[in-house]
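Pasting the structures in now, so scroll down.
Each of the next two complexes has subunit A plus one other chain: subunit B in the first, subunit C in the second.
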Partner chain A sequence: MSITIGIPRSLYYYKFYPLWNTFFEELGAKVVVSDHTSKYILDQGVKSCVDEACLPVKIFHGHVLNLKDRVDCLFIPRFTSISKNEYICPKFGGLPDVVRNTLSGLPAVIDTEVNLRKSGKNALLAAYDAGKHFCADKRHIRKAFDKAVMCYRQYKKQLMDGKLPGDIFDKKAPKSKAHGAKPLNIAVIGHEYNLYDRYVNMNLLQKLKSSVANIITVDMLSEELINEKTRQLPKRMFWNFGRRAVGAALHLLERKDIDGVIFIMSFGCGVDSFVCDLVERRIRRESMIPFLVLTIDEHSGEAGMDTRLEAFIDMIRWRCSCENNLPAYG
Partner chain B sequence: MEKQWHYLGVDVGSVSTNLVIIDESDRVIEKLYLRTGGQPISAMREGLKMLSERVGSKVRIKGAGATGSGRQLAGVIIGADVVKNEITAHAVAAQKVVPGVKTILEIGGQDSKIIILRNGIVYDFAMNTVCAAGTGSFLDRQAARLNIPISEFGSYALKATSSVRIAGRCAVFAESDMIHKQQTGHSLEDIINGLCEALVRNYLNNLAKSKDIEEPIVFQGGVAANIGIAAAFERALGKKIIIPGYYDVMGAYGAALIAKEKMASSNSPSAFCGFQAIENEYRAKSIECHDCSNQCEVIEILSNGEPIARWGDRCGKWSELARNSEVG
Partner chain C sequence: MKITFPHMGNTYICAKALLDDLGIEYLIPPFNSKKTLEIGTKYAPEFACLPLKINLGNFLQAYEMGADTILITGGCGPCRFGYYGEMHREILRDIGCEMDVITLEWPDKGAGEFLHRIRKLTGKLNPYRILKAVREAATTAMQADDLERLANRVRPRELQRGTTDRIYKAFLNLVKKADGSAGIKKLIRDTAGELLSIETDMDFRPLRVGIVGEIYSTIDPYTNLNISSRLGSMGIEADRRVTVSGWIIEHMIKKALRLPRDLSYADAAKPYLGAMIGGHAQETVGHTVMYARDGYDGVIQIYPLTCMPEIVAQSILPSVEKDFDIPVLTLIMDEMTGEAGYQTRLEAFGDLLKKRRERGVYGKTVALSGG
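For the complex of A and B:
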């Protein structure tokens, strides 16, 4: 019987799931993903996790609990860096240890280190390390990895084409509603795990879509576009997310078709607190584009989010109608 | 005499429920400021009843608007033609009262906002983020603790002779700081003035960060009644603050104005349930849905035992149900 490996539907799941899934399936494992984030998963995560952690890490704990009794092993890689000369949040580096020491009764944890700071080739080393639990033949692991990378590139391409992970993974065709209003172009910047987890962000993307907006995410912009802008910064960005977010923002404010920018951040996130402020300053200084920060935490009441979002959309539409001399705020 | 057309605006906030009736020329005919007291439905019923007794025979409501954090509920109960967020409502009202207004400072019961307008449209806004330290309910609590009626709170601040610094970042810190100062012998007036300054400092640091506060500046919301806060704002900004006559019901006034605008471009009759509808029995019931692991807290609004609206579900199953039964 094949080994079942559990992947929590949380954190970098939204970034790397197609890669992981193909890799392990090619090696003959059965991949099980935890359920979509729910109130129960959130509650379990918050209850078990250390209090100082941010909401996404707490939710990750909930997903691990959701999986632990139905898999042979868990895949919790130790991410140090996912791009050359850049780091990511240190909580990713300690994640397997934190989870192991917080939750009891866990199956085996595969905690392969992924460190691409010096070279992207280290990804293959990580693949050999993770793959050895399933297969002794290095050539076979190499083949599985190559195929996984292909799937990952395809996934990135789909994201660039404007698809959202929810549409891709759940195989749902994006619903488009016929509506009289002119669609707005709203850029949404934030960590993948806040942006694409619809429980955490209270269905932000769907809400935007129903207020007739086209959504633009950082994933829809090419690395070249982003890097071209970040090269202009006086100092190199330290974080992978920071470079992409700031580069995207600088690119967006030069485009003429962006009606508004929303930054979604986790309360207490160190990376977000720097990057959001940097993005906000540049956008406010160099453009007239409306900008909104949404801070998310454990709230389940949606009123605060809805009020801000509605007012933001109203403000943009009001501006548009003034430019076209149409009646206001109707 | 032919009755005139009127418009109703309802603002259901965390602390107060406000109702305003305006006429065709945007004048306020009647206004009410009631305490929500944690029971928005009965506050609205009481408000409608009082309005009906005062002017019910003289007015004909052609449109109704709802706003505030309880706007969804208010929209269903009164039968609103338009349900708008409070930022838009406050901006519309302030512009009517002070044409050309550039900055709106609004401090309500649970949240505070700053709205920046340029060339007659909302240009930027911010709401308080994590803490309610700078809002009316905190002042309410402190007034109750010091045994001072909230209506006199501001005048105490004006009698201060020296400035006492109170930590304003957090309501818990502010309260313990106030107690320390009071135990070391500072006068009540100085402490209250210190609190007003702390609240203003917190507001300006938290909300007005990196925003240009240009005149004319309008200060509205329930806390605008507090002359101590208004004075602290003027001192901190070095600019003049305008407090409109209906500062406490500006949200409701805005909702009425938006309803009027909406009805002008609509041919359908108002959805307003009429003053008689207060006779109906309204009840809100909460159900925890166990159909999936989200366990949504669904709210059901019943009128005379019949469900008229449901919300709170993430999947839309319950809210759709109510909408369908409404039609069928």
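For the complex of A and C:
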């Protein structure tokens, strides 16, 4: 009988699920993903974690609880780094330790370290380490990994083309309604797990789409575009998310077709506290693009967010119409 | 060029020794105070960690007094400290405060850039003199830390409450007027003599508490509301393994010279936290284990609100607490922390430790007589 491995639908699920899924399935494991984030999952997570933990980490715990009794093992890698000379966040580096010391009655935890800070080749080492639980043949693991990487590349390409993970994984792309108004281009910046978890962001992307906006995410911009901008920073940004977010912002503010930028910030997130501030400073200093910060925590109410979002969109529309009505010599 | 630097506990003593010996003009910002924090909070991002806000306050206060260049150390992640310099640069720029920021770290651009930064600081000084000054500054930092440790030993045992604090506080002010590493070291020796001559209760066996947590908030007395002194006056001896000199020697000098570092804390932390994740999380967990093994009565973890590595450590500490049966108290500091609530929590913790000790002694006597 094949081993079932549980993957929490949280944190880097949104970045790497196609890779992990293919990899483990190729090795003959049965992959089980936790349910979509819900109030129950969130509450369970909030209850088990220290108050000070950020919302995404709390939610992660909720997903682990959702899985723990129906799988043989859990995949909770130690993510130190996913890119050369860069880090993610101390909380990713300590994730398996935090989970193990917070929750009891867990099945086996596969806590392979992923550390690509020195070299991207270390990804294969991580694959061998995670794969050894399922298969003794290194060549076979290697093959599974290569295939997984292919799926991952394809996934990244789909994201770049503007597909959202929800549409890709759940295969039911909701159509946005045709509307009379001219669509706005709204860029949305935030951690994958805030941006793509519909429960967490209270359906933000869908709401934007139905107020006739084209959404631009950091995932839709190429690494070259981003790096070209971040190279101009006086000091290299050492968070993977931070580099991409700041680079994207610097790129966006030079584009003429961006009508607004929204930053989704996790309450209490250390990385966001700096990255959001840098992005905001640059955008305000060097452009006229409207900028909105939406902070989410376990208490944020949907009504409040909707109001702010509507006001933001209205303001942009109003601005657009004013600009259009200005006489050419004005 | 008039240099200034951020405060963190007694760091200014080491910085002063270095800059005096090099003959560089500088200005020590006023000691951390409510005012400093208010200024910093006003201009820093709302969710930035507390040390950034206080540092910013330091710079702006020093700027008013005529400083124009900031000297700080840096890093390359994963915690926020490594990006402090850039944040400061951006904030100062937006508020129109023209200060240059020199970050002492190994830059991405390599050795050339590093030498350029050193040159900017030292002008044409010869390398021998620079090395000598660095060595003297490091030993000054060690002696300043020893002095603080001595004060922490004497305080809970003093007969006249407040004597230690009076002497130590006078020292902190006098240092500012001392001349170079030599002058500072003499002052340290004199102060140590004074501390040693304080009348103490030699038989008193104080409760012992280890202080762990984020480096800034554990070291800086303004930030931790003078925890060692509060504990001391409750008759509790506070110890802290993370020190300014330790940081300079282990993190900067040994790393640069590739000397083997003391990693006993990492071994102690290993079963609970298997990797270096940034900040001082590994030290926090490791030192808690070590304090427990050394028979300390309790451990207090201190960190600034939203500090990422310490939240990881905090999530793990309950396991250490349980495995070693040692009480751990976590204190989280931000600009809203009130003194009254803080004191109450410390006193409750002190009472708990006292009761545990009494119970322990009682338990033993019963066992002996019942034997």
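Definition applied: the second predicted complex is superposed on the first by the 323 of 330 C-alpha atoms of A that agree within 3 Å, B and C clash if a C-alpha of one lies under 4 Å from a C-alpha of the other, contacts with A are read in each partner's own complex, and residues count from 1 in each chain.
In this section, contacts are C-beta pairs under 8 Å (C-beta built on N, C-alpha and C of every residue); 3 or more make two chains touch, one makes a residue touch a chain.
Not measured: the values here are computed from a predicted model.
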Combined model on subunit A: subunit C and subunit B, fit or clash: fit
Which superposed partner A:F169 touches (first subunit B, second subunit C, both, neither): neither
Touching partner for A:A311 - first (subunit B), second (subunit C), both, neither: first
Which of subunit B and subunit C A:A303 touches, first, second, both or neither: first
Touched partner set for A:R281, first subunit B, second subunit C, both or neither: both
Which of subunit B and subunit C A:I41 touches, first, second, both or neither: first
Touching partner for A:V50 - first (subunit B), second (subunit C), both, neither: second
Greater subunit A contact set [subunit C / subunit B]: C
Smallest separation in angstrom, by C-alpha atoms, between subunit B and subunit C in the superposition: 6
Residues of subunit A that lie at the interface with subunit B and also at the interface with subunit C: 267, 281
Complex contacts: residues of subunit C adjacent to subunit A: 45-49, 74, 76-80, 82-83, 85-87, 89-90, 94, 103, 107-108, 272-279, 281, 305-309, 311-312, 314-316, 318-319, 332
Subunit A - residues contacting subunit C, complex: 49-50, 52-54, 78, 80, 85-91, 93-94, 96-98, 101-102, 111, 113, 233-239, 265, 267-274, 276-278, 281, 285
Contacting residues of subunit A [partner subunit B, same complex]: 35, 38-41, 199, 203, 267, 280-281, 284, 290-291, 295, 300, 303-304, 306-308, 310-311, 314-315, 318-319, 322, 327-330
Subunit B residues within the subunit A interface of the complex: 69, 84-88, 92, 111, 119-125, 127, 129-130, 210, 258, 261-262, 265, 292-297, 314
